[in-house]
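So, here's a batch of structures to check.
Common to both upcoming complexes is subunit A, partnered first by subunit B, then by subunit C.
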Partner chain A sequence: MKKFWILIKYEWLNFRADKGLLILVTLTLLAGLYGIYYGTTEVQRQQQNIAGLEKLTEHNVEELKAKYPEGTDAGDIGYYHSTFAVHHPDSWASLALGQRDVNPYYIKLRLLNLQSQLYDTENINPQKVLAGNFDLSFVLVYLFPLLIIGLCFNILSIEKEQGTLPLLLSQPISLPLIVGAKLTFRMLVVLGLGLLLSILAMIWGKVLPDGRVALWLGVVMLYCFFWFAVAFLVAALQKNSAFNAVTLLGVWLLLTIVIPALLNVYVSIKQPIPQALALTIQQREVVHGGWDKPKRETMDKFFALYPQWRDTTEIKERFVWRWYYAFHHLGDVAVQDLATQYKQTLLARHELVQKLNVLSVPVNVQGIFNAMAGSDLPSYVQFLQSATRYHDSLREFYYPFLFRQITFTPADFAREPRHSFSSAPDVDSAVNGFVKLLGSVVVVFGAGLLLFRWKTASVK
Partner chain B sequence: MIHMEFALEARQLKKQYQDKLALKGLNLQIEPGEIFCLLGQNGAGKSTTINLFLGFITPTSGAAYINGLEVATNQLKVKEYLAYIPENVMLYPNLTGLENLALFSSLAGFDYSPESLMQYLIEAGLPSEAATRKVGAYSKGMRQKVGIAIAVAKRAKVLLLDEPTSGLDPKASNEFSDLLLKLSSQGTAIFMATHDIFRAKEVGTRVGIMHEGELVDVLSTADLNANELENLYLNYMHA
Partner chain C sequence: MVKSIAQKEFISTLRDRRFVVLSMLVLLLLLAATVVGLYSSHTLQQERQVAQEEVNHQFHNSADRHPHRMAHYGSFAFRPKSSLSFLDFGLDSFTGASVFMEAHKQNSANFSQAQQSSSLIRFGEMTVAFVLQMLLPLLIIFLCFGAFTQEKETGTLKILLSQGVSPRQIAWAKIAGYSKTVALVVTPALLLAGGLLFGQNGLDLQPDMLWRLLLFMAFYLVYFFIFIVLSVVVSALHQRSSTSLVTLLGIWILCCVIIPKASANLGNTLYTTPTKAQMDADVHEEVAKGIDGHNSQDARAEALKKDLLRKYGVDSVSQLPVNVDGIIMAVGEEQSTKVYREHFEKLTGTFQKQNRISELAAFLNPYLAVRHLSMGMASSDFPHYLHFQNKAEEYRYHLAQGLNHIQATRLKYHDKTTRLSSDTWKEFKPFTYETPPVHWALRHHLLSLTALVLWLCLVCTVGMRLVHKTQIV
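Our next item is the complex of A and B:
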């Protein structure tokens, strides 16, 4: 064991004197710090925007109170008053923004039909999607493997190429001890950096100190072990440094870009998602058709769903709000199956990705981070469901005013429901991903060990 | 099977590389304090012999022994007894000569003080001011001297040398010869592969001539002068 630590000590001396490696580690550290800054800044921006929404709602209420000081028909309020369904970021979101940049984190809602409002903000900035998020999870998942490759591509080959291996092996030490010490030293550097950045991000992002701290750190360590295992497997081939570097970069390219791109294509074909736009258009056609349908036909359909309002007065006027909101709601009902199918397909696609991510460890790890931070697709679908329930509660709140023809007074605003949703982390999914990751590490490291034992070491 | 009487021994040692038989059943015994010089052309099998004693390659048949232990089955243990100076000593370029020596000495199990390490380097002929410079700036001769210091500091019972004076100037080569004689007098068995007939005659107790993987002759240097040795060597080479 003493010789192991002697080798570690001299690895440190060699590392300290190697400007290239120092620059590589420093750049990764800076990238990590920027990732933390980016993540926390983005979450703060979202939180500020959400806080701004409350002010917007208050402002809107004050305007309506000023406009209708004596109260008015609740239909006017339902039409002109907007409120928001908000998806608060989990405290861990700054470490893994996931899909919070492409999926809306707030939805402006009025009493009108729901479905078109849900997807009004679905449009995304393609440039933003192209650039992606430069958060800590990006640095850990995509850049850390490059650091490990940079540190390990010549772990054994350099000893042969600079000619030090014969002198080294003429000492009473074994080749596995040399390789083990070199890997251990590099692991200490990389894990030290990964854990330091993670802890900094947790402190900076003020995360809830729950079981996810250990899970996150465990995933970071295992993921680094995976790439060390890949580097070890390639080193066990006992080829030259150029071969090792090209092979490792090829593996990186395959696992982080090629396989995810192919998975994306496969999943899109296997599990196509109907456009939310199509759903919205269909609903709009039903709603617009409502103007031309006999009011009795519309109201009978509505009362079939809400019999408690059947005893309300018959509509004789050319326009009344309760009729207007009834055919808006029937527009939602008409596309209910499509809306359910849309959400189910989203989740089915997510499930398919979860099954296939065993083919790409980086995709799996990104999924683990997103699940832990509540920034994945299921979280977004939960938010949509929560927004739907909120819209239901708004309707339930306004219907008595509309159907009993009760005047909506400024005091009634205080009783209006408000929405708040914070997605819960999907720890089960993260733990499943962790187990898969552990399996990947064991398989690759085991293959490296077998190859290392099987292949006769050439000293020169 | 233990052969305590010999520091180095080869018994029917063979090495086959695909279609080439590099070593054809070498039998050799070297006693403690003996300097055995192995002469031969390039590709004669000298380095193969050394690599077999070092355990860097495994014999096709037969066995090599260091201090009575079979090399192939006691890889780590035999390395406690031997030191090795290759033809071209390569060191860690980012470390100083002193740090390189400290590394290899500590791996060999010696915990020398910086002063002792410096003394070994100076005795090997490396100026003290060079010892604290990075090896990357060293000449081949300077690296060779660090290699010598590494070998001497290991206080090994067996010294394996593969063209060790390659890159050394005449003065340093002479000093190296003196050092070998001193180590020999202390009981160290030395096995040196070389092209240098005169150096072999000067320091060797015995000289072996290897030709196409075969030890064709073993001579006692006490019985012949340098010219006779040269003639014999050339005769074998042209045979």
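Our next item is the complex of A and C:
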């Protein structure tokens, strides 16, 4: 054991003297800090924007109160008044922004038909979202492997190339001890950095300190172990430094870029989403067709769904609001199946990725991070469902005014339901991913160990 | 001498099994990306075309309606995939596919591919451009890192120099040899891409497309050349192959992974994007100060009526030869559109400022230069997206105003019940979208073009001077 610590000590001295390695570690540290800064500011900005929505609603209410001081038909309010369904980020979102920049985190809603409003998008710069988020999860998933590769690609080969290996081996120490000590030293550096950055990000982002702290740190450690295992496996081949560098970078490229890109192609071919355009075309057709249908027909259809309003007076006028909102709702009902299918297909896509992510550890780890932060596709689908329920509750709120023809007074605004939705972490799938990750580490490390034994045996 | 060095490099690379295997892999990926790209952009195009035809048909055969009802019924613009976008999806997966065009309101482009994907899509997409931008440089690095260092390590460099050639000549000779090898890898894929494009469009391939394709290829060839020269220069500056390789890989990581992401994120942090909700509220506020298209009680509407009465010399609006409802509506639309466009321009101005950071970063990083040019040629970049949005908005405006005109001229004052027959709607041309010409696209990428040319000059002059001064131990 003493020899082991001597080796570690000399590795440290070596490391301190090597400017290149110091620069590499410093760069990763800086990238990590920037990632934390970017993630937290981005989440703060989204929270500020969400807070700003409240003011917009208030402003809209004030405007309508001024416009109708004596109150008015609730139909006018339903038409001119808008509120927002909002998707608050989870406190962990700053560590892994996931799809929160692509999917809208609020939806402006009026009493009109939901399906024409539900999919409106936020102002996003497509060139920015194409480049992706430079958050902590990016630094951990993409850059940490590169750091590990940079530290380990010549772990054994450099001793050979410098001619120091025979010298070392002439001492009473074995090859496994040398490799073990070198790997341990590098692991200490990388894990120290990874855990430091993670804890910093948790404090900076003021995350909810629950079981996810341990899970996140565990994933970070295992993911680093995985790349150390890969580096070990390649080192066990006992080739020269250039070969190792190219091979390791090739593995990195394959796992973080090529396989995910191919998976993405496979998923989009295997699980196409034709519903979106069909849905948007069909709902318009039904809603606008509502103007031309006999009012009796529309109302009967509506009353079949809402029998409680059936005994309201027969419509003789050219236009009344309750009829207008009835055919708007029938437009939603007409595409309900398509809308449900759309959401299901989105989730099916996600499920398919969850199944296929065994093929690429980085995809798995990114998935775990996003699941923990509640920032992936399922959160968005849940938000869509929550917004749908909110629209339902808005309709429930306005229907008595509309069908009993009660005047909507300024005081009634206070009773209008408001919406708030916070994404919930998907701990189950995160734990599931953790188990898969553990499996990957064991397999690769085992393979490395076997290869190393076999190679050293054959050298002897 | 120079020729034989080039020939030697070419032949010895082809004899290197590792290189052959790697380049076969890259070639395979390139071919796969071509086929996959063509397939998925064809599917999307088909889907959008069918949808566009359906809504056009619906509009022309719509029920008898009041013209203002028709203005709210509106139409859709589905963004067609350009023929070359299969080479580089660019922003296409992150931009909305459909815009609903109605009176009074400018809607967002909805349903982007990215919104319908899990975070997997953020790892990048398998396109020809991706292979050419990211993987080919790696292959080049692998090919060239030992250009000088190997000769130094084996001691053959001194022998070469003793033959009377300068290091600069050796460098150029090697660059020539490597370029030939790279051409061997890239040409089949580019030929296939070109062939498929011709096969798809037949003989009526527009010259504009051809120009785009040729420029697309040319930009990449320049990019590869820059990387080849850069690798040879770095190799000349190092004494050992392994350090030369590590330096080059470091450069690759910086250029292809870190800088692109960091510069885009920096732009986003520096210039805040207003939310759509805030923008809509601001537009509403400013329009409310003007005429309200729906409310003829508005003071300005009153003034407008008075003007009309004076102009035609009549006492009441019902005596006017035109329907004042339609005119008020038209003036309202004009005003709200003007306000909206101002805000939209401000928004796109913010986006452009954000993107400018990445464009400037191209001077640090040839990858960004070629990436922007590549998207530009494939018409999947930001200017093309904006072009589509503006065309859709233009169509929306003309549709709404055309319908207002019909209301003003064919309907009586306060007539809310008359329905015009569907033949009226056939007067409106359906929405069509043409990709702007290639020079338009180039004009939007002058900065990236300059950066690429500058890089080319830089590696050829400064780089070669460095090679000349290299130490031979």
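A few remarks follow.
Rule of thumb we're sticking to: the second predicted complex is superposed on the first by the 449 of 460 C-alpha atoms of A that agree within 3 Å, B and C clash if a C-alpha of one lies under 4 Å from a C-alpha of the other, contacts with A are read in each partner's own complex, and residues count from 1 in each chain.
Just so we're on the same page, a residue touches a chain if its C-beta (ideal position, glycine included) is under 8 Å from a C-beta of that chain, and two chains touch if they have at least 3 such contacts.
Computed from a predicted structure; not experimentally measured.
Once chain A of one complex is fitted onto chain A of the other, the partner contacts of A:Val286 are absent, as it touches neither subunit B nor subunit C.
Of the two partner chains placed by the overlay, only subunit C lies in contact with A:Leu263; subunit B stays clear of it.
Touch counts on subunit A: comparing subunit C and subunit B, the chain ahead is C. Touch criterion met: A:Leu13 reaches subunit B, while subunit C stays clear of it.
By the touch criterion stated above, A:Ala339 is placed in contact with neither subunit B nor subunit C. In the superposition on chain A, A:Val189 makes contact with neither subunit B nor subunit C.
Judged by the touch definition given at the top, the superposed model places A:Leu215 against neither subunit B nor subunit C. In the superposed pair of complexes, A:Lys3 makes contact with subunit B only, with no contact to subunit C.
Shared contact residues of subunit A with subunit B and subunit C: none. Put simply, subunit B touches subunit A in their complex at residues 51, 54, 56-58, 75-77, 79-80, 82-84, 86, 88-95, 99, 103-104, 106-109, 134, 147, 150, 160. If you check the complex, the residues on subunit A that touch subunit C are 20, 31, 34, 38, 41, 45, 49, 52-53, 56, 59-60, 84, 98-99, 102-103, 106, 108, 116, 119-134, 138, 142-143, 146, 150, 153-154, 161, 240-242, 245-246, 249, 253, 256-258, 260-265, 267-269, 272-274, 276-278, 280-281, 284-285, 288-289, 291-292, 318, 346, 349-350, 353, 362-363, 366-367, 370, 375-377, 380. Interface residues of subunit A facing subunit B in the complex, by the touch rule stated above, are 3, 6-7, 10, 13-14, 17-18, 162-164, 166-174, 456, 459-460.
Interface of subunit C with subunit A (complex): residues 29, 36, 39-40, 43, 47-48, 51, 54-55, 58, 63-65, 69, 72-74, 76, 78, 90-91, 93-98, 100, 107-126, 130, 134-135, 138, 142, 145-146, 241-242, 245-246, 249-250, 253, 257-258, 260-265, 267-269, 272-281, 347, 350-351, 354-355, 358, 381-382, 385, 416-417.
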